[in-house]
Amino acid sequence: MGTIELRNVNKSFGSVDVIKDVSLVANEGEFVVFVGPSGCGKSTLLRLIAGLENTSSGSVHIDSKDVTELEPYHRNLSMVFQSYALYPHMSVYGNIAFALKTARVPQPEVDRKVREAAETLKLTPYLNRKPRELSGGQRQRVAIGRAIVRKPKGFLFDEPLSNLDAALRTQTRLEIATLHKTLGSTIIYVTHDQIEAMTLADKIVVLKDGQVMQIGSPKNLYAEPRNTFVAQFIGSPKMNLLTDGTYEGDTMRYHEDVTINTLEVNGNPCILGIRPEDISFCDPNGADLKASVVYNEFHGADNNVFVKVPGLGDLNVRASGKLDLKVGQNIGLTLDKQQIHYFDADGNRVSK
Amino acid sequence: MTPKIENRVLAAPVVVFLLAMLGFPVLIDIIYSFSEVSFETLRSPKLNYGENFYKVVNDPGFWSASWFSLKFGVLTALAECILGLLLAVYLTPIIKKNNWMIAILIMPMIIAPVMMGLMYRLVFHEFVGSLPHYLYLLFGNSPGFLTRENIFLTLFTIETLQWTPFAFLLFYMAYQAIPGEMREAAAVDGTRPWRMFWFIEIPQMAPTIVAAFFIRFIDGFRVFDNIYVLAGPGPGGASTSLSIYIYETFFSLRDIGKALAASVILFCAAFLILFFVSRFLRRNKS
Amino acid sequence: MKINYSNILRWLVFIVAVLVMNFPVISTISASLKTAAEISQSPSLLVHEPTLQNYFSIFEVSERLNIFAYLQNSLIASLIGSILPILLCFPLAYAVARRGYGTNLIFPTIVNLRAMPLIIFAIPLYMMYQTIGLLDTSLGLGLILVVVNLPLALLLLVNAINDVPYELDESARMDGARIFTILIKVVLPICLPTLATVFIFSFITAWNEFLFGLMLTTTNAMPMTVGASFFFSSGGGGIQWGVAAAVIIVASLPPVVLGVLMYKHISRPMIAGAVKG
């Protein structure tokens, strides 16, 4: 109950291809996050699943049933819009009850279901208020209440946190995660924020320019990104990419004869990737690489250090906040060889 | 229902209504304008081909009525726009603090034009009217307002006085809509009020000015109500606008075919003008 | 207290402008308050022996002037002419605003109707009405008033619907609503302020209409505007100017009261009609 599947879905607006051959599965009860930069097509994909847009080709399936031609209501999904889309002329009660009334559910049952949903979301004191009298967080809960009252097969969230300020965002993120555990339904969630993706998702779908870059669990995407785009999109601060290298079996040779020891891999990589936390500082003598400090961002527990390595360029290193570093200081870098990622000239992963 | 069918259903009420209300009349207009028909033979018109049109085109009354309407439309629109603009710009500082002034200023245009005409009939009356009374007191003489020489000026004045508030309202709103920052930037650059008005504010209001002129011209061109109750066709036809010409031809002269022929000509003229103006505007927008 | 001389001049200009533009109104009011004797003696604006007798005379229903009938006719025709345009245009406005339907033909045609001299339809309409029995009926008059008000109604409604966020439509769709439910339960309530504005402006326009009232009614459905003007054409016995003045004032009151109270509402239709049209 609640499996959502896309098979070879394409969508064009006129001559512009917005979604290119996307296939994915959201299993029952999974929290799936579509993530990607602006314009990657994640919202369009969500709307295709909802039925608010029609596919140009390909099919949408819910619980193995082909719903591609069905109207939104017949797909039995609920959607929470980015701006919540609350009906301004109805009270909270009216907003939540609207769908049930449209389905001609008898009034006593409507009342029971609305109060139940309000109770779950702690909205009971506000049932008679109009949306303009509510705070941002409360409005969001009304939008969610409207969605859950129909007991749909799945929930679709379109960037629900972008209209909230930072503090509220963290709190609401937690509420959504708790809601997922309570309801156990399938959730498809769209965001451009990779932190939201990493913290909430069971499965992440990374999109770029209408195409799927990678699908996997957060850990999976973090540890084994399939290409340089995913590698740099997931994880903050970004992974360092060392380009323009020549592979020589067990070393990568860069400009000015700088070399890095590597493992043996199947293929011909020319890009090395290493995450800031997999680089450590040491004495310049005997280090893998020699660098000088360009700038240091003090984050409290961590230092986010920008260093310059001749022949390689600028790197980002994560160090303990207790370290005291000065600009221009010469320092050595040690790389964790097991954590090096290898990519070929097309940006695709080369396996070990 | 597919979206396409839905759209047709949504549009249906208006379209059906307009076809019924205007579609038939247009057909009748065309057929009867080419026929000889009277009030008795209403159901059985006799085609006389272009004879009605010939009559209209050869009627000096038609041309003088058209010229009257054209002159009237242009002059009243011009006067109303200039006066309205001056009032709007000059009075803005005090209106901003006293919004109720707008209600009083627009009152003339809320009154029906026909009522205004009747009121002026009272005002102009040589025995009962207040205007001749005060003019005698001030100047010792009072002109004949509705004589052949004066009637155009009189009607022009009446129309302008009633509808200047319309232009005023439009320009006042447009004047308010000019972004304050634009004025501030110009002021910082040392722009004096006259230059500010002429080179910055007027250009910003240009679309509104054009629109106001256009609307007032159309309304002035088809003027009927106040002229009808004040003077009718007027001495020697001196106040016959095109609308009055058509009305008189239909009701007084009872020449249905001719009246409709004139109507058709007017319709075509209006349609063509609108068509070209729309094209011109669309080209200017892009 | 600082005296702002330039503003004093402005106030003067304002007062002069108001007086000049409203001069006939002031004259008429003053005439309506004069006794018959005073009117023939003193045409000045000042009233020495004010009286309300003229107003009372109006309400004594006579053969020459049945003011109650006229007011009722105007009311019915104006209500038809101001409510029906909204009902007819709202669905089309939705199609135009949300789906761009008719932007090439239907929408510009209707909006440009505003610039047509409608007298060209008056004559055939007369003949049509005579045939189907709508001549001299308030319904018949009301219907043509609908046509007069349609263009502006459509324009304003399209603008109003454009201001309603599209996400509300989609949200309602997800909630299972079909097109008419969305129209009536979601979009319409949000557009109510504009509907009120359109109604007020249309009502005033309809009430002030003269030409069609003149041509399409005779006795039963004569509206106030035509009735007042007929009172002026002296039918034996001369015009009682005092009563005539009172008739004009009473006939002009409804739109003026409505307009002055709601002037904020009618300024918007003017602007929209101007800039977009």
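Letters A, B and C mark the chains in the order given here, with residues in each chain numbered from 1 onward.
The definition used in the following text is that a residue touches a chain if its C-beta (ideal position, glycine included) is under 8 Å from a C-beta of that chain, and two chains touch if they have at least 3 such contacts.
In this text the structure is predicted, and so the values were computed from the model without any measurement.
Undergrad: If you take the chains that touch chain A and keep only those that also touch chain B, what is left?
TA: C
Undergrad: Could you say which chain's mean Cα position falls nearest to the mean Cα position of the entire protein shown?
TA: Looking at where each chain's C-alpha mean falls, the closest to the middle is C.
Undergrad: Pick out whichever of the two, A-C or B-C, is joined by more C-beta pairs in contact.
TA: B-C
Undergrad: Farthest chain from chain A, going by mean C-alpha coordinates, please.
TA: Max centre-to-centre separation from chain A belongs to B.
Undergrad: Can you give the whole-Å distance between the Cα centres of chain A and chain C?
TA: Centre separation, chain A to chain C: 58 Å.
Undergrad: Calculate how many whole Å lie between the centre of chain B and the centre of chain C, each centre taken as the average of the chain's C-alpha atoms.
TA: 16
Undergrad: Can you check the complex and tell me which residues of chain C touch chain B?
TA: Those residues of chain C that touch chain B are 7, 10-11, 13-14, 17-18, 20-25, 27-28, 30-31, 39-40, 43-45, 87-89, 91-92, 94-95, 99, 101-102, 106, 108, 110, 112, 114-121, 123-125, 127-128, 130-131, 143-144, 146-147, 150, 154, 179, 204, 207-211, 214-215, 225, 228-229, 232, 241, 244-245, 248, 251-252, 255-256, 258-260, 263, 266-267, 270-271, 273-275, 277.
Undergrad: Could you please specify the touching residues of chain C with respect to chain A in the complex?
TA: Touch residues, chain C against chain A: 165, 167-168, 170-177, 181, 185-186, 189-190.
Undergrad: Across the complex, what residues on chain A touch chain C?
TA: Its residues touching chain C are 50, 52, 71-73, 77-79, 81-83, 85, 87-89, 98-99, 102-103, 146, 150.
Undergrad: For the complex, give me every residue of chain B touching chain C.
TA: 1, 3, 6-7, 9-15, 17-18, 21-22, 24-29, 32, 42-43, 87, 90-91, 93-94, 101-108, 110-116, 118-123, 125, 127-134, 161-162, 164-166, 169-170, 173, 207-208, 211-212, 215, 218, 221-222, 224-225, 228-229, 242-243, 246-247, 250-251, 256, 259-260, 263-264, 266-267, 270-271, 274, 278
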